[in-house]
Structure formats: structure tokens, C-alpha cells
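Take a look at these structures.
Shared chain: chain A. Partners: chain B in the first complex, chain C in the second.
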Partner chain A sequence: MKPHEWSEQLLDAMINADRSGAAELIGNALANGIEPQQVIAEVLDPAIVRLGHLWEKETMSLAQNFVASKIAEDTLLRCVPDKTDSLCTKGAIVLGNIEDDFHSLGRKAVGLFLSAAGWDVYDLGNDVPAEELLEKAIEVNACAIGASAMMQTTALNIRKLRQLIDERGLTDRIKLAVGGAVFNWRPELVSEVGGDGTANNAVGADELFMRLQAEVMNRQGTP
Partner chain B sequence: MNPHTIWISCGVVRAEMEELHRRGLIDGELLFLDSMLHMDPPQLETRLTATLEQQKAGNGCLVMVYGDCSAHMLDLVRRFHVGRVSAINCAQLLVGRERYRQLMREEAFLVLPEWASRWEQIMKDELGLNKATAHDLMGENRGVLVYLDTGLASVPEQQLQEFSTYTGLPWRVEAVSLDTMLAALMSARTEALKEESA
Partner chain C sequence: MATLMGQPVDRLPVFAVLGAYGAKLTGVNLRTLYSDAAAYSAGQEAVLQTFGFDLVMTPFIYTAISEAFGGETAWSESQAPNMKRPGIKTAAAALLHPLPNPEQTAGLSVVLEATRRLADRYKEQVPIIAVLPGPGIMPSLIIGLEQWIETVMFEEELAGRLLDHTAPFFVSWANALLAAGADCLVVTEGTAAAEIAPRSLFAERFLPYLTTTFTQISGPKVLHQTGGRITHNLDLFSGLAGLVGVAVGSRDDLSEARRLIGPDMNLIGNLDNLSLPALSAGQISEMSRSCLDAAAPSGHYILSNAGADIPLTTPPENLRAMLSAAADYSAEISGNR
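And now, the complex of A and B:
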């Protein structure tokens, strides 16, 4: 079976909330000699992108998305290389659900994808005050903070983080990535809360953080 | 004289709203939408918008008893100049922000009385979770089921036990007074009146 066929089957398992079926499928793909990184890139990524399209077209329920996210997480955990195998990293980034937000699935998936892509991820969890996110970013010399929010009112709490970054004179040193379902539904919210960028799903997170890191480096004159 | 208040509320807190009304702690008219609309946020928005359009034509002061249940809740508030309770969801409306945060840190899955009677329908039919998947998912993300007992119905012990068996999580009951919810309702009504007079 070719990777796109595995991907089709994985998508079916995600939509049907068949977690054990998905696990078996990934196990079979790996047993058939598909490399873990290829599973991520050619089986999981396309399934998640298509899942995102279904979500945007509102043909998926929140619940289906919930289970699908867990399946994606399971798959990543099986395919992400051991951290100790990495010789170098892309840099540090800090993640967290903003204060009053408790929807952790998207953030966890982003963290896994970013770890898989070679970032040092400091995931502070749910309901994290803006001050805490910024202090951690300064401590670990992160080029960006990823603030997650599921709903409109909690997304607005990210404005405080934007304000703190600017007040501390760190606008060019620490970029603010924002994400969560509400930003997909309402793209204008990204600028409303002061975000420097967003990604529609976890698959796009690496590219987003690479871009933000490049912006920081360009401003600082780092080669 | 204050205008007539119309409370547009999620059916999940119907018993609580009706009790506050019965006790004379809130006045006006109570309108409820089916709590199952939460399973379909766009449909919830459509129904809410239609209800707000219809009610806005009258002279009432409108208050939405809804949390952040869909992506455009704040837009509805701004568009129709209505009040809305300051809570991210119905559970936070009942227990308040600080207690809600404590419960979330405990990884509690909060069960409202109205929801308790529908757990099987929601988990199996709406979410499509079989027992094994539900067991895994709940076990990974939650630590305990907490039934929020508002004292208006007997605790459905058998249903909670069945839900506990289905998810593999222990359960307990937390008594909740309606004072916190009432304060949120009154605050939202004050906001609605300000919007009306603006």
C-alpha cells in the first residue's frame, strides 16, 4: 500500500473515532517499512490537513475533531524520534493556553509537531497567565511564544501578553504566535489580539515558527 | 422604570433559572434553547441569532445565559447590544471562576444535572465513543467526574455510577448554591441595561 492509501485509511479512522483501528494502521505502516518521519509527512500530515478542511466546512463535529486529535497525538508519539537522538535543535519556544483557557488538545498536538520538527518546546499547560509565558520565554531565550485559545473571549486574554511583550521592549526579540479553533473561524482575531502569525493546524506550526524565528534573526542581524 | 427582562438561556440550566424565577430572585421572561445545540455550534448560532432578532423587535432588555459556546458569542452581544453572563461555560456559571480553575487543575470533568441524564446519548450517539475509546480518552485527560448538585433534583447516583464505569473515572458530588449564578445573572442584566440606555 502506498502512503496516500495509508493516509486515506487513517483519515477514515479519525472520522469514525476508531482510535484502536488507527493505532493498528500506523503499526502496520511502520511494519511495512515506512520510516517514522515518512509516516508523519506522508500519512499523518495529509490526513490532518484534510481533516482541517472538513472542520472548516463544518462537516465534522467537535467530538470527532477531539478524537481525531488524540489519534494524531498517538501517531506522533509513535513516530517522533527520541529527543536524545537529536544532535541540534532549531531553538526554544514556549507554548501555553492563555489564562482561563483549558482546551489543551490543539496545543499538545502543536507541541508534538514542533518537537518532531526539532524545536525545544517548553509547554506550560493550560490557564497560563501572560506574565508566566513571557518570563519563561525570557528565561529560555525563546524566539517565540505560542499562545493558544479555543474560544473568542479567552482569545482576547492574549492581548495582555502582546502588551507585556511590547512594554518590555521585546517586540523584535520575542514573536507571538497565536492558535486555536477560534482563529481559524475568525482570522481577523489574529491581529485583534496582537498576534504575529498563526497556523491553521499543527502541521503548519513548524513553518510558522521558522518564519517568526527568521524575523527575529533579521531584526537582530544574526546570520 | 427598568424594562422587562428576557433571559435567553441554554436549557442546561433550565431548572436553576426556573428556580431563581420562582423564588423571585430574577424577574422577567425565560426563554430556553435546547442544550443539545452545543453539539452543533453553527446551528446554535443560527438559532440564537434568530431568537435575538425576534426578541430585539420588542422592548425587552435581553440577557444571554450562555458561555463561550460558539465562535461568535461576543459578536452576537455586540450586534444586538445585549447582556451576557461572564462565564466561559455553564459549569463556570454555577461554580464561579476561581472554583472552576481549581476543579480544572484537579482535571475534573464537570457534570451538570441536566447533562447527567443525557450522558449516554452524548457519549455514544453524539461523540460516537465506544467504551474502550471513552475509557482511554477520559482517563488521559480527566481525573474525576464531579456532579454539580444544585439541589433541585435528587442526585442520579445510578447514572453517575454507569458513567463512571463507562469512563473509568471515579465520581463525587459537589453541592453548589445558586448564589454565584444569581450574581452573574444580575451583573449581566446591569450590562444589558447599560447597553439599552447607550
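And now, the complex of A and C:
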């Protein structure tokens, strides 16, 4: 079976919330000689991208997406057993639900998918003050911060993070990604809170952070 | 209330979820509003006097439930409180936790006292609406949403045992609210929303708990989608005991909802909560009119926002625009008769 066929089957397992079936499938793929990195790049990643399209078409629920993120995590842990050994990562990213926001599920899914895509994810959890997110980003040399909020009231707290980034002269060095249900419902909030970009779902996060990283590198003249 | 009970009415009713808004009108902070039954009751009185919507509502504060199971609350000045962290970490541990007695649990007893005060003041004048989480989503307030979804998806038998365990609390809480004076219960069942669970999961694992618990609760009930879409499940609700209405989401199509739910069930909604603070009064009026044009002609319709508490930043004129739109519509209809 070719990688894209494994990927088709993995997508089916994700849609049907079949975690054990997915684990068996990945095991079979590895046993059939597909290299772990190939599993991530050519089996898991395409499945995730297609899952994202289904999410955008509103045919996937939170419960299904949750299981899909667990399957992605399972696959990642199986194919990259010790991430600390990995010398080739895309870079560091800091994530957190902004101050007063306690809706962690989406953020955790984003973290899982970004890890699966090769980012070093520093997830600071719920209710994180803007200052803490920025300090961590500086400490780990992150190119972007992902601030999550589910509701409009808490989304507006992200404005403080925007202000801090700008005041510290880091506008071109640290990009601000925003996400959460409210941004899907009201896309204009992204610019209202000072976000540099958003993704409609966890699956789209990798593409977003790649773009933001490229913007940082271009500004800094990094090849 | 007449609309909810299928009786004739003299005008189109309009509902708005304005629990927290009472704090804005009376100048108290939200913690005081939700911790002091007198302050909450005063807030509802101010809401009613200021706007004249066709209801008062008992405190819509789910952290009172999470606290009853040991959870911690995050208070805010801009929104109703949220659960900061659940009191119990796993479904297995939750099975060992005794169910709270509503009358003897701090936050729940405040809700009941506020309900009694509202009943003393408004019984038979405007409907007193109580809001509570449905039996399927209730465990998320006890162990957290993520843990609950994980249990549902990966430990079906354990999830069923937890639902069995907590269902009696849902029933006792609902009946306590009715006994305290609530006229109607709005049951927010997140698992019925398309954004939370697929139809098959809802139908197989959660709907049976609505069916069995509703028969144990004597008052009228409205099923609420908690802000998501519910059209995909509307045909499943016809057998629920005492169901008098369904609150549809802002992205549900009112005409399609009517087709699926049948001619006699009340539909409530479906103004977008997030639009209310963001748009002008004129735009809210147009949106309200659009809802009315789509749903009012077939009757059994209540114009309402389609989510939880209306954001505190919503200008009063936007709320009045909802009322005006319904009044204008009613006047036009009666003028055409």
C-alpha cells in the first residue's frame, strides 16, 4: 500500500473516532517499511489537512476533532519517540489562553498539531497574562505567540499582548497569532485585537505559523 | 408564557438573556450580583423596568454547579463567571463524589433564593425562566469538558456510569428550581449542538438521558443549543416529555427548523449574540425583522438572542431595537387583518 492509501485509511479512522484502529494502522504502515518521518509527512499530515477541510465545511464536531488530535498525538509519539533527540525543528512557539480565558480544548489541539508538524511548542495553559506570554517568547526565542480565546470578552484581552509586543520594539521579531471560536465567528476581531493572523482550526495552525515565521525571517534578512 | 404553553397571545414575545446585564444597570459587580440573591433580583427588576422583555430569569451561573462538586471559579468584571478548574479530575473519581443537595450548597442555594424572590415579585406577571445544563453536558462541569469528551470517546461504559450517577442531580436541581418558583426551564444541552457532537453520538449516548430525566421533571422545558447549531437533531426531540420549545442557533435556518420540528413546537431565537454589541441599532432591527419574517408567520415563535448572556458592552438601544422590531411587526400584522 502506498503512503496516500495509508493516509486515506487514517483519515477514515479519524472521522470515525477510531483511535485503536488508527494505532493499528500506523503500526502496520511502519511494519510495511514506511519510515517514521514518512508516516508523519505523507500519512499523518495529508490526513490532517483533509480533516481541516472537513472542519471548515462544518461536518466535524468538537468530539471528532478531539479524537483526531489524540490520533495525531499517538502517531507523533510513535514516530518521533524522543523529540529531544530531534535536531531539526521548525522553531519555537509559545501558546496560551489569554488572561481570563479557560477554554483549553482548542489550544491543546493546536499544540498537538503543531508538535506533529515539527514545532517546539511551549504551552503555558489557561488564563495566561500577556506579560507571561511575551516573557516566555523572548526566553525561548519564539517567532510567534499563539493567543487563544473562546469569547469576545476574553479575546479583547489579547490587545494588551499586542501593545506589549509593540512597546518592546518586537513587532517584527515576534508575531501574534490569535485563535478560538470567536475569531471564526467574527474574523474582523483578528485585526481588532492586533493579531497578525489566525487559523480556522488546529489543522491550519502549521501553515499559519510557517507564514508568520517567514515574515519574521524576511524582516530580519534571514535567508 | 402563553406562547410557550401554546395559548393565544396579543403580541409577539421577545426574550433576551440579560442576567449579567442586571449588574450593569444596578451598578454592582458581577461577583456581588451572583452571590447575593437580593442583588440579583434587583438586577432583574432593573432589566425588566428598563427594557420590558417578556421574562425574568433566575441566575444563569453554572459555576454554582461546578463549585458544588469542588470546582474553582474565575470571576470577571466583563462576563459571567467561568469554571477555572474542575473539582474532580476523572470520571472514575466523580462516581465516588456524593451528589450535592441544592438547598444546602452555597452557590445553588443563592440561585434558589433569587428564584424565590423573583417569584414573590413577578409570579403570574412575566414568566420566570430558569436555565440549567442538560444531563449530557452536566459531567463537563464536574470533571471539565476535555476530560468528559475523552471519557465519552474512549471509555463508553464509564461515561454511561457517570451519566447514570449525575442524572439524578439534574432532576433534583430542575425540580428545586421549579419548586422555588421557576415557570419554565431552559435546558442547555451542549451535546445536541453540531459543533460539539455528531448526531449519531448525541442520539445514541445523550438523548436517552434527556428522555428519561424529562419525565421526572414536571414543568415545561425548552431545549437550548448553547450557541451552536441544532437543526440536525430537531427531528429527535418530539418525544421529550414537557418540551415546549427549542432555542435554535444563529446559524440555524429558521424555516428549515420549522419544517423539521413541526407546526406546534415553539422556536426561539436566533439573533447572533456576538452581533449585539458589534452592530448598530438599525442593523439589529434589520436582523430582528429578518428573523420575524422567516419564523413569525407560522406562529409559535419567540424572537430572542441565540446564545448565553448578552455581552455587557451591548448598547441599550440595540436591545430596544429587538423589542421595536417585534412591536412593529405585530402592529403591521394586526393592521393587515
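Here is the rule we go by: the second predicted complex is superposed on the first by the 149 of 223 C-alpha atoms of A that agree within 3 Å, B and C clash if a C-alpha of one lies under 4 Å from a C-alpha of the other, contacts with A are read in each partner's own complex, and residues count from 1 in each chain.
Going forward, contacts are C-beta pairs under 8 Å (C-beta built on N, C-alpha and C of every residue); 3 or more make two chains touch, one makes a residue touch a chain.
Since the structure is predicted, the reported quantities are computational estimates derived from the model, not experimental observations.
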item	value
Contacts of A:Asp100 with chain B and chain C, given as first, second, both or neither	both
Touched partner set for A:Asn218, first chain B, second chain C, both or neither	neither
Which of chain B and chain C A:Gln37 touches, first, second, both or neither	neither
Contacts of A:Asn28 with chain B and chain C, given as first, second, both or neither	neither
Chain B/chain C common contact set on chain A	17, 19, 58, 61-64, 66-67, 70, 100, 102, 104, 126-127, 151-154, 182, 185-186
Chain C-touching residues of chain A, taken from the complex the two chains share	17, 19, 58, 61-64, 66-67, 70, 100, 102-105, 108, 126-127, 151-154, 182, 185-186
Footprint of chain A on chain B - complex, ascending	39-42, 68, 71-75, 88, 97, 101, 104-105, 126-129, 132-133, 136-137, 140-141
Residues on chain A engaged by chain B in the complex (per definition of touch)	16-20, 58, 61-64, 66-67, 70, 100, 102, 104, 126-127, 150-154, 156, 181-182, 185-186
Chain C - residues contacting chain A, complex	74, 76, 78-79, 82-85, 145-146, 149-150, 152-154, 194-198, 201, 229, 272, 274, 277-278, 311-313
